[in-house]
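Pasting the structures in now, so scroll down.
Across the two complexes that follow, chain A remains constant while its partner is chain B and subsequently chain C.
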Partner chain A sequence: MNHSPNLLDEALGLTGRGFGGGALSPGRVVLVEDCVETSGAFVLHHLVKRALSPDRGGTVIFIALSHPFSHYDRILRKLGCNLSMHREHNRFHFVDMLKVEFPNEIQKNAVEHGLVDLYSKILKAVEVSSSGDYSRAHISIVIDDLSILEIVAHGSVDHVLDFLHYCITLTSEQDCSLVILNHEDIYPEMEAPRLLSHLIYLADFVIKAEPLVTGIAADVHGQLTVLKKGTFNDSQYTDKASNFHFQVKENGVELFFPGTRC
Partner chain B sequence: MAESICRSLRDGSIEGEHSPALTIKDSLQSHAGNHAFNYFLCSLAANVCAGKSQARGLVLVAFSQSPSFYLSFLKRKGMDASLLAKCLRILDCYSDPLGWKEKIRQSSGADKPAFTESGYVCRDVKDITKLLSSILELGKGFTEGRAYFAVAIDSVSTMIKHASLPSIAGFISNLRSHVQVSSMLWLLHADLHEPRSTAVFEYMSSIVASVEPMVEITDGQKGSDNLFWLGRGLQKGRFHVRFKRRNGRVKLFNEEFHIEYTGITFSTPSSENIVVSQTLLPKLQFNLQLSEKERADRSRVLLPFEHQGNGEPIQIYDGRRSLTQSNTDPNGLQQHALSIEMEAQRMQSEGEIHYIRDSDDEQPDSDEDPDDDLDI
Partner chain C sequence: MATTPTARPSSFSRNTSTSAASSASAPAPAPGSRIGAGGATFVSSGIPDLDRILGGGFLLGSLVMVMEDAEAPHHLLLLRNFMAQGVVHCQPLLFASPAEDPRAFLGTLPAPVAASKEERQRAPGPDHDEQEQGLRIAWQYKKYFGEQQASNAHNKDVKKEFGNNFDLRKSIERHMLSAQNVDCISIQKFSNLAPLRERCSSFLSKLTGNGVGLAGRIAIQSLCAPQCGYSDWDMVSFVRSLRAMLRYSKAVAIITFPSVILPPSFSKRWQHLADTLLSVRAIPDEDKDLAKLLTGYQDMVGLLHVHKVAQISSQVPVILEASTFSLKLQRRRSLVLERLNQAPVEGSSGTSYGTAGPCSGSLKGSSIDF
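Right, the complex of A and B next:
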């Protein structure tokens, strides 16, 4: 298994010292934005693989709204990660939301009850992770994806943001980080700025997957922009923007700076 | 002018007036609002703990950061933990703002240990009335008697998400007019709301401080299409402050801010940025500014109705130049006054004109209130 750090890991600061046990440093919120032309799912796959790798020893709570377990199992297997085994060992908690439907406001606050239920499942998974064999492991909560959560919540952006707030409290109270996948091109123009701005305020990292400016290419599938909001790290204030091209392969993703590939 | 904001918050309210209120406004283009809020919070907390402020205590309503974040931040800034415990109360609207954790705990059975209660956790932020009473209760609990306390709200943008704008406006208004509230400050993210929501808070504050980028991003570049500005040079920016005085006069200030390891620092705008702004002026065929020579000449202009005070007869310019004076002053820029024989006649006439220049009377940006001598 190849664990040599790639550009994405470097941009997220995963290659620095002092990250033993965590996919991402504690208290990190990562927002992955993609669009129809370029899917950002590979970023989630990469981060999950990274979190579950033996040298990290972390656990993952995966809120699945768009694909069943078999889909992720197949993909991660090709990346060299056995999700079924991790699931059995309580290192990978799969919260299946595919068939969940919140009642349509017959009962008052139906949407809120549904989200509270989901949150309680996450809390239980966190509890199990914290008390098991990997009690000191870093927990990564991954949401795939937020736009479907909004549909499940009958379009209520406020409820979705409330739910996200509760997930973020876990990043400060427990050793958790949060990874959210969102499609940025599905909102009508009036609504888009509000939700997307809220998400950007909440995030520490914003990873944007976009098509190439020049159009479709055979061997370069798109460009990735990684933005790190200003933080203090070792008495230095850094905020960084990195941009590179990527090619998604069967067994991983290859990232390179534009123009460095011959 | 960050210092004058700190002073204003420290000095608090005057009898019979609403307490001073500071809005810190930022946007994604320059999202250092949190740093600015923390700076003013720290300054106010330091003054409260040292007993230098009108307020004897500070109530912090924490929506977007946990109470422990603020406690560790203030301790890192050198504040004594025991003093903080006496002078600071944090209303925790972060951990369980909607009571979800409490619901989960109750539904899973009472055998689970309760969440550690510090006593100041708000579990229903949508109930503005209850929130107001919690804040007032915390404020009154500092000392016995009717001591003043200050209120800081982590982010009113979060409040707007949970409650209606009129109810929040009423809440802020009630706090500001409360006899025991000394001063208030809050943070607002302007791009999360409609402009009218931002305007409402600006109307209710006596000081509006905007955190802005060094260079405004044009509309064409804004939006999620291009997020590069998020990662660019947010270490510094402009700090624009608008003070509203109680007589209605408004003062504007501009400073620069830098974000360093120790936090945010404010400084007067550096000259290089002034140069930048000058080059951004449009190229015109006429000159909008005065050159040094023009300024000197302007100061030498003899204004009508003014006594030059040099012993010479009063000269009133009537639009014509006398021959003698045009010979002695060939450049023609200086206005020529006609020496009149009418001066003697004027002294005999009934009316006199006493002219006192307004600009001589008052220094620019004086802190004096011109209405102070009114006796209504």
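Right, the complex of A and C next:
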């Protein structure tokens, strides 16, 4: 059952021919930004569904800091993806970080140890994926969401960045890609937003969900801007930016160019 | 009217003894909660209009945050109604505030208004039997009720409703507050938020052992108030832990906070953590421009804005037709929320247009000058 790709898939290059079986994206790191007015969680749901779809045959390691498994299970079920079944077959690894705390009164290095623990859990899941039935499958690591990881780390940006760097090494050593959800309006414009600028630097794709300039509408929930990082190919610099409007539905998301909705 | 005096299952007795039997057979939701679409369970916010606006009430397992107006106490209206609703339904309640003695706040909770005023007038109590001989027809009903049940009929009616209207002029009865399931904690004395976290955690774990399955309510007032002196990261970490604890429990928590006191990035973090986000704002008393712009301005107490509405198990955002409402006191006692209506644009002269009554059908008893 092959569903027709939508504008987001095109912008991410998921529809092109000739890239490896099951790759989430030819680039490796995808940053999804959103704000209070417009939530970008639907992008994550869409990408997870794409990664687990039968024609991709990939596996997903989901680091959940925001919602419990039942939440995603119910949402993805409406999108046509059975997470419980995938979890049983080790195609979907759910790392529940909802109640995990790094107590900083006891040890000085509690944050570090906590993040090291988390990384080792991810490594273990990667090893399980690479050695199991789906050993050739592409692995997608999804983090929902990074701002809560900052809270858990008591605001120590350095540790969070170190952790991210380790995850990014996985994208080159193993066949992984990384999808991170972060809230862009948390970082004020006055100060230098270290974490945000690092993330933008590291990302190959930046997907930004914003409200419409004209305000709230019932049938258009916001606008999505997809920025593809510029690359040099034989002294030719190519980058790409696309902007479209979206409407989120129970069974998917509808994307269309501004003004083409009738 | 000739009736047999024997007790028989008439429509009146359904209210009393057989109600327990009928609810035991069907898997009814716990009292005070309602099942909505998709298996979501709601509890009432204490303001029926707000329940309607939010699509059923407050979702169990969600975190409601209210951004306060730092200069006005309107958030207390929401808190009082929320807590009073929990007390009326005998739902366990945990209240935390920066005041020295949070128990004092409980004395300001409003009393519920009974649904049917006629029944309240008909059953004043067993003492008045002899004096009310004149009202024969009304007291005939007492034969079937029995004396005990007549006085409890009022309370039962109030409890059976999902969401009550509260009379802000009357305080809730003392005996309802002295029940064991109302707990208070002052957050001013502690050096960090670990004790509050412990209290919330034990409160929520006690809920699961609750046989009847009553939903729990946590109300935290002015969490980032300056006199508490908690660090920014400590506070946002607490909010995140509370949200995680709530996800696995059958409770609703409401946190009010003056968002202007927090640094803007932390204020945004708190807003992102909220499942339902509201903000209240006061309306200045004598603002002539606002008076010209909105109808019914004189009766408005404040404005309520709905930023986010909780959605569990769906990715579709809730888009409301209107997200800003005016807080009004209906007949000076119950809180109602109304959509804002723009007053008809005045001509160059003609004060008669300015005082025209609202055309949306909300009658308040405001005078119309001719």
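We take it that the second predicted complex is superposed on the first by the 242 of 262 C-alpha atoms of A that agree within 3 Å, B and C clash if a C-alpha of one lies under 4 Å from a C-alpha of the other, contacts with A are read in each partner's own complex, and residues count from 1 in each chain.
As a convention for this text, contacts are C-beta pairs under 8 Å (C-beta built on N, C-alpha and C of every residue); 3 or more make two chains touch, one makes a residue touch a chain.
This one's a predicted model, so the numbers in the text were calculated from it and none came from an experiment.
In the superposition on chain A, contact of A:249 is made with chain C only, not with chain B. By the document's definition of touching, of the two partners only chain C reaches A:188; chain B does not. When the shared chain is aligned, no partner comes close enough to touch A:87: not chain B, not chain C.
By the touch criterion defined above, A:75 reaches chain C but does not reach chain B.
In the superposition on chain A, contact is made by A:196 with chain B only, not with chain C.
Taken together, the chain B residues at the contact with chain A in this complex read 28, 31-32, 66, 68-69, 94-98, 100-101, 103-104, 107-108, 161-162, 189, 191-192, 223-224, 227-228, 230-235, 259-261. Residue ranges of chain A in contact with chain B, taken from their complex: 33, 112, 115-116, 119-120, 123, 158, 161-162, 165-166, 169, 172-173, 184, 192-194, 196-198, 200-201, 206, 208, 225, 227-230, 232, 235-237, 239-241. Partner chain A is touched in their complex by these residues of chain C: 38, 233, 236-237, 240-241, 244-245, 247-248, 264-265, 268-269, 271-272, 277, 307-308, 312-317, 319, 321, 323. On the side of chain A, the complex with chain C involves touching residues 36-39, 41-42, 45, 67-68, 70-71, 74-75, 78, 98-99, 101, 147-148, 151-152, 154-155, 183, 185-188, 216-218, 221, 248-250.
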